[in-house]
Every structure is written in structure tokens, then in C-alpha cells.
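Please see the structure below; I have some questions.
Chain nomenclature is as follows: A, B and C, assigned in order of appearance, with residue numbering initiated at 1 for each chain independently.
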Amino acid sequence: MEAAAVRDLAAVKQEAQELFDAYVECLDDDRIEQWPDFFADHAVYKVVARENVERNLPIATMSCTSKGMIQDRVVAIRKASVFSPRYLRHIVSSLRLLGEESGVYLLQANFAVFQTMQDEETKVFMVGKYRAKMVLSDSGPKFQELLAIYDSSQIPGLLAIPI
Amino acid sequence: MEAAAVRDLAAVKQEAQELFDAYVECLDDDRIEQWPDFFADHAVYKVVARENVERNLPIATMSCTSKGMIQDRVVAIRKASVFSPRYLRHIVSSLRLLGEESGVYLLQANFAVFQTMQDEETKVFMVGKYRAKMVLSDSGPKFQELLAIYDSSQIPGLLAIPI
Amino acid sequence: MEAAAVRDLAAVKQEAQELFDAYVECLDDDRIEQWPDFFADHAVYKVVARENVERNLPIATMSCTSKGMIQDRVVAIRKASVFSPRYLRHIVSSLRLLGEESGVYLLQANFAVFQTMQDEETKVFMVGKYRAKMVLSDSGPKFQELLAIYDSSQIPGLLAIPI
């Protein structure tokens, strides 16, 4: 890395950890209206099957290629909330800072998401890996790109919500 | 925060992480006799359903409002151990330090607890969020208050043990 | 610890965290050929049932008592890959640095491993605790010993792969 671009990597990793921790808290608390705030002005969010990533297939389960689309998703979710009430709970581990280029930090982390439907047992909903590009903006760290790559070959129920 | 109250927050968070890591190790290792040592002299421990927290209902699945009650719980568990042998395993992630007031640190973290009964498959027992107030005493960091707020609407089996 | 042996423990713990994070990524990505690189020249790797550890029974589900045996295991896995394709996903938490002796660091961490078989739901495969001895070699941190101690009394399917 060039001298000007070098930051304290331990501090950057700490910011990345806090970004992910706040991000999953927002989703677990069902504060979906605040979800777009975790993204930069020009941002991409996708949920994709691991199998498709490994085969280089350009198929996404959910794809938002601009911040406007990310915001539209929130409106769609709130309008379409006909599904049963449920709780989500994210566990995130093994966050790694893989590199930096021109102030964009490449990150990854493993995730497990658990779902509790009313009067049902808590189940594993989805496991996989986040791959992210993070920028440090004036208003704090933001995702310029966030991919949620899931192992599951079956999505239990329609995936309407972000992960 | 006032100048006098300001500590190195990164160091405090590290202490909080170590407190939680030691706490869940104690429970996973079934060293329940040491469980009260994680609490301050005046302490509260509760296990509560998320649904009740969100509705502001004052119903707790387990409620200890003094250290004496926390210690009594240990005696009760050891006397009442008629249930099948089982292993618990805690996964804790996304620890956040949310604030500080008069030397009391407000913390939260997500948890997933897995249970293995003899000759059965390992199952998700409970997922949820810890909410804690931590103090830094002469004998190390302690919980002044620990709430285990679980998502599950059904508790598999009687909840006799702390989480 | 003696003065000469003292290192910055926070830095050592960070290196341990990164070792575990890279280790589980290697397994999750099915890059098993690189798995032996996480071990020192003289190393031990074992997968053992918690029940046997607690009873001091010297029975291991998988046991490699030299680096040669660790390398042989990779060859055996690739030759024997007749089992169904599956994805593994590791979640690791509560890493603790328990002590140091003569440059060998004693570590432990909890793990949960999830398995996704083709066209099946994602399941909890195994939960348990890693216990490790780590050395800091010229080529980075390595495991001198790694034990994966699992709670499960039943292993779903033949355990051919490392955890």
C-alpha cells in the first residue's frame, strides 16, 4: 500500500467489526427503515447462493445495484408484510480484513442466522459468508458493497428480507 | 462522558469480552458453583422472553434480584438435578459497548446456545441477546445486571439452568 | 512469566484469532490441501468426544500424531471422496488465551459447525471446543497441537474430514 493510503489496520478492523455488529443488530431488531443507512451513496447489496458464486453464475436471490434500490426494498418489505411474525438472530464470526485499495477495504465474515416463528422451535435459517467492500466516510464506515453468500440450497420460505 | 469518567473504551470492551467468554465457559463446563462469582455484590440476573420485553410485560422465566437469590439458584439446581445429562455450548457474538454512566458500562451481545442430550442430535436450544450492566471491581469486571432475552417462544424442557 | 518470555498478550491473542479465522476459512472453502500448513513441523491433531475427554479415555475419533499423518489425511480424503457434496460453515467464538510456557501459548475457543447437503436443510453438524497449543514461527503462528472436542454423542455420518 502507498504511504498515504496506509491506516492503522487494527483500527480499521475494529471499525469493520462495529459496522457488522450494528448492521446485524438493526436486522435482528427489525428496524429495517435504518438498514439503508449502513450503505454508501453508491452501493450494491446482493444475496447469492454459494453454488452460483462458485459456478460464476450471475444469478442473485436478491439484488440491489443502487442505494435507491436498497431504499425501495424497505418500502416493499413494509408494504408486503403478510408473512407470519418472526424473529431473526444473527451470529457473526471470523471477520477478516483481506486487503485495501484506494481507501476501499475488502472484508469477509461468516454468519449464521436463526429464525423463530411464533409457536415454533428456533431453527437455523441460513449460514454463509459476508463479502464486503467498506469505505470510511465522514458519517462513519459504510458498505460500498455487501454480498451475503449462503450455503443453503433451499431457502426456507420466500426470502423477502435482507440478511 | 465527563473527563474523570472517561476510560480507554477499547480496553473496557476487551474486559467485557473476557467477562462474557469466561461466563459462558463456566456454564458450558457445568461449573455452576462458580457462576455467582461473575456477579457484583448487588446484582440482578433474569431470563426473559423477547416478546415480553417488547410488550413491556414484567414476566421473567427466571428472576434473581439479589446475589443471595443467585447463590440459592445454584443450590436448587444441584439438589434438583433429576433431568437427563446434557451438554450446553454457547456461541456469543457482536458484543457492543453502548454507553457508560457513573462507572457502569452498558453492554449487549447476541448468543446462540446448543444442547446435546445423551444419544440425541445436537440442537439449537435458545438464541437471543444478552443485555448487561458491568462494573469494574477490585476483583475484576462483574455483572451488576445480566438479562438473557431469548427469541424462542417455546423453551424446550423446563428451564432450570442459567443461560 | 519471566521477562524474556513476556510478549504483548493482546497482540498474541490477535494472532491467535487470525490463525483460527484463517483455519476455519480453509475448511469452509474446502481447500483441504492447505490444511496442513496451519500446523508446526511437529504437530498433533485430534478430534475427540467430550465424554471421552471428561472420563480420561484415550479414544479419538480422528488422531494425527505427526505432521506426516496430517498430510496423509489430506490424500486419504481426496482419494475417498465418495460421499455426497456438502458445504461446511464454522462459527468460532470466545477465544481465550489461557497461558504461556516456553513460547507455547495455550488457547481455547468454542465452535459450531453447520452442514449443508445438496437439496437438504442446513443442520447443526457439531458443536464443541477447540483446545490448542500455538507457536509463533518464522512463517507465522502455527498449531503445535489442536484438539477439537465435540459435545455430540452422535456424529452424523462418517467423520472423514477435519473440523
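Basically, a contact is a pair of C-beta atoms (placed from the backbone, for glycine too) under 8 Å apart; a residue touches a chain by one contact, two chains touch by 3 or more.
All figures in this text were calculated on a predicted structure; none of them were measured in a lab.
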item	value
Self-contact between copies chain B and chain C, residue sets same or different by half	different
Inter-copy rotation, chain A to chain C, in degrees (Cα atoms; steps of 5)	120
For chain B paired with chain C, centre-to-centre distance based on mean C-alpha positions, whole Å	27
In chain A, residues with contacts to at least two other chains	91, 93, 112, 124
Residues of chain A defined as touching chain C within the complex	10, 50, 91, 93-96, 108, 110, 112, 124, 126-129, 151-154, 156
Touch list for chain B against partner chain C, complex	14, 18, 20-22, 24-25, 28, 87, 89-93, 112, 114, 116, 118-124
